[in-house]
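Below you'll find the structures, each written out as structure tokens.
In what follows, chain A forms one complex with chain B and a second complex with chain C.
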Partner chain A sequence: MAKDHVVIIGNGPAANEAAIALRERAPELRVTIVGREHVRQYKPHFLPALIAGKITEHDLFVRPIESYSQAGIKLRLGQEVVDVDFDTRRVILAHKEVLRFDGLIIATGGKPRIPEPFLVFQDVMMTLKTLADARVWIEKLARVDSVLIVGGDLTSVAFAKALVSMGKTVKLMVDEHGFWPLHLGDETRQEVAQRLASSGMELVACRKLKGLARVSADEIRVETDCGRYTVGAVGAFFGLVPDVKFLARSGLYIERGIIVDESLMTHYDGVYAAGDCAQVYHPALRDYWVSIGYRNAENLGRIAALNLIGGKVCAETPPESIFHVEGVKVPTSWWAEI
Partner chain B sequence: MREKSSYLDKTLNSEREVIRNVVYSTDPADFSYMAANVPCQAACPAWTNVPAYIRCLYEGRFDRSYEINRIVNVLPGVLGRICSRPCETKCRHGERELGQPVNICHIKRAASDFKEPGHVYLEQLFAPLGKSVTVVGAGPAGLAAAHDLAVFGFDVELLEALETPGGMLAYGIPEFRLPRDVLKAEIDSILRLGVTLRTGVKVGEDVAVDELLKSRHAVLLAAGCYAARQLDVPGEDLPGVLSGLRFVMDVNSGRAPMLGKRVLVLGAGFTAFDCARLALRLGADDVAICIRGTEEDLRVTQDEIHEAKREGVHIRSLMVSTRIVGRDRVEGVEFLRTRIEGTRPDGRRKVVPVDGSDFCVPTDSVIVAVGQGPEPIPAPGEKDKRNVLKGDPTTFRTSVPNLYVAGDFMTGPTTVIESIAGGRRAAERIAEDLTGRKFREWAVRIHDTGVNDRQREWDFIPRQEMPTVLPAIERFQSPQPEVEIGYSPEPAHEESKRCYLCYLHYEIDIDACIYCRYCIDVAPRDCIKLVREVVLDESGAVKRLVETTAWEEVNAVVIDNERCIRCGACLRVCPVDCISVSKVELVQRALETGRE
Partner chain C sequence: MARVDLTIEVCGMAGDGTIAAGGLLNEAMSAGGFSVLGFDSYPAEIRGFGRCVTRSRIGTERIFALEDKTNVLISLDDVQSRSRVPYLARDAAVFFDSNPPVYVEEEMSLAARVEPETTLFGFPMADLAAAAAGTTRGRNLTALGGFAATFGVPRDLFVEVITKKFKAKGNKVLDANIKSFDAGYAYGLEHFRDRLRDTLKPLPGIKKGPEKVMLSGNLAIGRGAIDAGLKLYFGYPITPATPIMEYLAAKLPERGGRVVQMEDEISSIGAVLGGFYAGARSMTATSGPGFALMTELITHGVMAEIPAVILNAQRGGPSTGLPTKTEQSDLHAAVFGGPGDSPRIVIAPSDVEECYRYTVLSFQLAEKYQTPVIVLTDFYLDNRVENLPIPQATEREIADANEYPDESVQGAYKRYLMTDSGISPRSIPGMEGFTFSATGLEHVEKGTPNYTEENHMNMTEKRHRKIAGALEDLPAPVEYSRGGPLDVGVIGWGSTFGAILEAVNIANERGLNVGALKITSIFPFHGGVIRAFMNRCSEVLIPELNYEGQLANLIDHLHRKDVVRLSRATGSPIPPSLILKEIETLVPAGAS
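Presenting the complex of A and B:
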């Protein structure tokens, strides 16, 4: 693939690790990262600490911006891919520019998941996935003292603790969607809930969220099957879903994520997917698997890059129990929802 | 397009005196042009003139917009709600880099919603013929056939085995999707032509086909598909396993069966979705549709998937059932994971089970919605292997003189619009066979027009989504409301502006063109081309443009109407007015006295 152009869609851990691996192993390639956000790679798991004021934005960034030009990696930030034409091997950007590619790694990661029944409340719910989201939270928390967290995924635990450390009142509504994608049995759920309560959070016991209505800019009325109350902000924490909707008409095989083989290759030659957006059938698990977490994403990004340039590396089997929620060990897979 | 003057004299009829410069062409080249350049109309099995009715709605002519639909589709208000929308999958606005297709279906509904209350469609009736036809089955195909036969002047009797007419529309589609007053109004507009409806008459039991053939000049069997297919897996006969079609029909008849709290629906079509959404309305807590492939393989619209999920339906992908398990009643379903393995010859994706990936999903009820087929009707004539009467797909004739078949009964399950189109074609064929006359024909209607008020910025209007009852929990209240509320006038108008109006044909007069290339400079995409050669197909229509970048090889500047988005920019900038616009429509016209 001498002098060939590899385009990497995404600017998270999988994408950056893929770019670095390509640069190291195949210096003759042209490598371009296309990222939707306007900032270089950062560590999203530090966003709760940023919101709590424990670190600055500068502390989030993984590497200096100059390192990309020094490494010969072209970084296109603030540019959104809206489609990919695999027949002509072109990436189509929102501003109508077209990038031709010889090799492609899709590493768009995940985006906040809002279950369809709750989409109607989307306008009054806030999410926390990006630096831009964190900035909105910082602005909001300067004005409000109470936050309701609906859902309760893994990010929310760190976020809720950050809020408690700021002296905010945190209500946690752990309904049937709680701790997705983990599937907690009643006993485990209770144990987790008790530990969260002992951390200073108020657990709201109800099964269904029936309504959210904005009363004023900083006041939201909440209606559940167990009563009504008012909070300053509502956070939606239902986990992430692969951010692949823009590929819906591209011809790629997509279920929840982009379906790839164990080498992370799609059914198009020279096209790979890695990180939270890739879905692989894993014989050891006897099921499909989507990686979760920063380190998994980095690992898969590197594997996709190595295979793109001729390697034969298989994605590793994830450990059976990879999550600890408040000290409770929870076996999981992305598919626990069903 | 062909030169109009060459066949203007020989094809014009009396309309020439009413509208100047109008040509009706039956030249195959013009039909080829229509198929390639007005893709929405070509994709519609009934060939509905989509751009024309959208334009009428834009102009606020709601009655006319409805009527343009009604010419070829006897149930516009119904189809505006439940059509499978083949037109939208071909809409040019949905091409890559152009955005999303126009919401054609919901514009159709808007025309129906906004027409004058009490609006009456004036039919182009032919004189009575003194001949009689019985149509068996009052579903979409039977209704369409009965309507057209009545228009042609036949004495039409319509027999229906169930208690009310409508077929699958009345019994196979839930009311939250299709209110029955809408269906009734459009059926009434068919019956008022003098069609005699007799319900509760099961042909083959209450009356024999032979008897009908003796007393009528022709009989058309359009009895639909009411035999549910089975999974053919062990355990399918356990209590708690229901047929999807029977389930929906029972609910629609007021005899809803008992369901457990957990329901698995096996199937990938509209019936599967109807079952799942009805199960939630009957009190089930946890409802999932299990499919072999992924959501992309579902045979329903994106809106349907979205609304079902909104109500709480889960879609579980890449799994195939192998066994239904339980002691005295169903307790679970065993599945294998599947994977996608290329494409099948019919273009659909090939999905295969993954060995050793078995797992079991516990459940209280299983609804099997994997399709249906026709139920045999005792009748003379050649049968297929399922003992169903065979018919010719072109002539609709069976091996028995004057006995015809149409609709899903002949083809197997299709869409409502396909059934309507099939019913109409069968009616035409019966009429021609019984009279030796042709009552109507398809033609390409061409007339000059100017550039209209369509603006380039309209191309960037976002697709106006259909408003629905929200939050979804309100949909489960009694009486259960129609989920789709319908457009209000403003979004309907906005959506109508998005249509490119592909029935407009832009053309450069090569003799007048000065090759300034201004038009190419202003074109929003590569729709105007410098060509060396225009390659025609067998019919004489443009097949391919051979482009060139060498100026000395350029023989013409040509507008590629398959790429053109009818923005009018070229026409406005042309310094010598060598670009013309004509309106080209595929229309069905009555031959006033019938042609021998």
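Presenting the complex of A and C:
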């Protein structure tokens, strides 16, 4: 299938792998990446090291910016897609530009999940998903010495350690989804948490966060079922959810993520979704899966691109492998050590 | 203060307030202590609907020229601004309206065209202006507000210049404009403040600087003429000289002078000669086509030895040519134009401050040497603005420079007396016993016509001797170098010299050994000084904005080998980068 213009929404690993695959396999196509952030593709898993001052922003970037023009990929940064009209095959950008496409790959990844009961505290909690978030943390940590981490997903582990290495006091409140996206039993979760505690952070044993109140710019009063204390910042680490709200009224089928078949195609011809934002059908399981992980996103991006240009590649769930969290071996399928 | 060197463009359609925004930006940055050089370009048609662009270069050090790359683009019309994208520096910042009235196709979108390194600052300029002031007219000020907040320019600097500009229009207008600015400023503070990273940085600790005026070349000429005691201005409108007449029409009558719009350029120069003939400082300003019409009467001034000040604001030619583009292609016409052996003085300022000083000087030169003095500027110099300490002329600089006849010769006065200097003391018509004779025919000392071989030879020689002698009062070439032998010497004149100086400075910072020589006295010129400079240079490069290499033609015989010409007839100023490139190719490999 020869497509004139392929638009890729997103600028993470899924999007970039898709663009590269398209360039390699179908050089006649015009390929445009539209990314909301103002920076080129970076490695999110390095953000904790950046915050700890161990690396510079320059070390985060995946490839030189010139490589895009050299490869003939139009990279549009700082530009957000706010809607897609699948009937007229047009992407609508926040600055009211209309971008026509023949093929579309949606690779918008995930955004931090804030569980319902915590939405009221959203303004006082900080997240860590993007480089912009990391910059805010860096500024904040220049002024505060203690941080409470609630949720305790896997991204927070490296972050918490980075904080400890900076001499900060870290309180960790792990909930029942702790170490997401790994699914750990209670026992394993406790074990991992205990090991973390022994590496210099304090485990908060409470079950309920009753209140968060900003006392001053750099002081937050925390109220839990087992007491009150004050910290400099609170980080919300409850995992990621697909970042697809902007497509809610577009006609796409969306459940946890964008529903796609095993070739990653949506129910619109030539429209694919890949990476953390996709919810993929598994013919053998007769069920859908949502996957989180860097390499996995790259892989799905590549598959979507190949299928868009006429390939017949199936997105398989990767074989189970072993992941080490604090020396504890746990099974994982997508989240990889990178 | 860390070194700042930023080129900022405002681009929009005629009617968007582009030029006003650029002007306010210049004023505010000048008030903030920066050096500013700005240049606006208008639609190609003199009256018309089209793209307007203001370019301002601001810096902590003196700015000599415009850069060819833009660091900040403030777009008031994205379709128009798309044409500016090729001129953006790698890491430019672009401010644009993110909520235009209608959806925009990719082909027409500014955001679609920029490179990924460009940082986009999209914000709803028109909406913010409308919400703040009830009208979208202040959108240009909202755009400036967004820029100011992002780059850390204090609000007060802008509010002050906005107030200065709009207070005459009443509080309502002023208020609406400040509100529009504030809306953009608040938005910028909230959303853009920490978005500048890497090479583009907020401007460091801006404070109010010493008082300077923002002047265009044309305004500086107008002020210079008034300060020099101009009494009579005669002219006919022509781009790019018209603003001089407009300025004088507003200001000269307050000083007891007169501005008369004539029916054409021939009558203008005729009236100027008449004014000076009667003893009143007079001038005219025109551009190439008008200047061509004046040449016959200019040579009348040469023959009759009557002072005149003629400003030729050059534009693209020949003929009607490119009225709104710049060129330095009237040098031949200024130096040689007209019938006969007709020596005259031609001077060419190279920046706005010199526009003032050379205009002042031209009156004394005209009086002392009893000759038409042609001041050569060009569109780029006339219309560019620079901020400078308020220029002032001393009593000496504006003093009467006429050499009047001695009382002792009353009754035996010879208007064209042979003297060593060639200057014959000049009476003013009406001085009893000093009968004034003015004739375009060849004449003897008394002024009566005479065509003998010997007389014509003598009188022609006298007129040339007189003009050659003017060299002692003409500004000498100025050299910018470390001295000693130079790998490349770059010689320039007029508006191009700023770019030359910048290129030479960069070349020297890069370890090359090059120098620049500024020539402002075009005729007569300081041949000895120029030759001495050339002798110290392995290569001589002459960049100028014309195809023929007109300055090079005038002086290349002074060099022992061919000079290298960088002659450009593009209608646009030569960017320093182009001169630098040429310098680098001329420097022998390995030389430093």
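As a working rule, the second predicted complex is superposed on the first by the 310 of 338 C-alpha atoms of A that agree within 3 Å, B and C clash if a C-alpha of one lies under 4 Å from a C-alpha of the other, contacts with A are read in each partner's own complex, and residues count from 1 in each chain.
FYI, contacts are C-beta pairs under 8 Å (C-beta built on N, C-alpha and C of every residue); 3 or more make two chains touch, one makes a residue touch a chain.
Everything numeric in this text was worked out from a predicted model, so none of it was measured.
Novice: Quick one: on chain A, after the overlay, do chain B and chain C clash, or do they fit? Just give me the call.
Specialist: In the superposition, chain B and chain C stay clear of each other.
Novice: Taking the superposition as given, does A:Arg143 touch the first partner, chain B, the second, chain C, both, or neither?
Specialist: neither
Novice: Let me test your reading of the model: by the given contact rule, A:His38 touches which partner, first (chain B), second (chain C), both or neither?
Specialist: The answer is second: A:His38 touches chain C but not chain B.
Novice: Could you say whether A:Asp287 touches chain B, chain C, both of them, or neither, answering first, second, both or neither?
Specialist: first
Novice: On the A-aligned overlay, A:Val120 touches which partner chain: chain B = first, chain C = second, or both, or neither?
Specialist: Touch status of A:Val120: first partner only.
Novice: In the superposed arrangement, which partner chain does A:Ala248 touch: chain B (first), chain C (second), both, or neither?
Specialist: A:Ala248 contacts chain B only, not chain C.
Novice: Using the superposition on chain A described above, determine whether A:Arg214 touches chain B (first), chain C (second), both, or neither.
Specialist: Neither: A:Arg214 stays clear of chain B and chain C.
Novice: Kindly classify A:His95 by the partners it touches after superposition: chain B alone (first), chain C alone (second), both, or neither?
Specialist: second
Novice: Which of the two partners, first being chain B and second being chain C, lies in contact with A:Ile259: first, second, both, or neither?
Specialist: first
Novice: Of the two partner chains, chain B (first) and chain C (second), which one does A:Arg295 touch, if any: first, second, both, or neither?
Specialist: Once the two structures are laid over each other on A, A:Arg295 reaches no partner at all.
Novice: Minimum C-alpha distance between chain B and chain C after superposition, to be given in whole Å.
Specialist: It is 5 Å, taken between the nearest C-alpha atoms.
Novice: What is the shared patch of chain A, the residues that chain B and chain C both contact?
Specialist: Shared contact residues on chain A: 92, 96.
Novice: Which stretch or stretches of chain A touch chain C in the complex?
Specialist: Against chain C, chain A makes touches at 38, 40, 57, 65, 68-69, 75-79, 92-100, 135.
Novice: Inside the complex, what are the residues of chain C that reach chain A?
Specialist: 96, 98-100, 102-106, 109, 111-112, 115-117, 119-120, 122, 194-195, 197
Novice: Which chain B residues qualify as touching chain A in the complex?
Specialist: Per the stated touch rule, the residues are 96-97, 288, 294-296, 306, 309-312, 314, 316-318, 337, 339-340, 342, 349, 354, 356-359, 361, 470-473.
Novice: Which residues, counting only chain A, touch chain B once they are in their complex?
Specialist: 83, 85, 92, 96, 116-117, 119-121, 210-211, 248-249, 253-256, 259, 267, 281, 283, 286-288, 337-338
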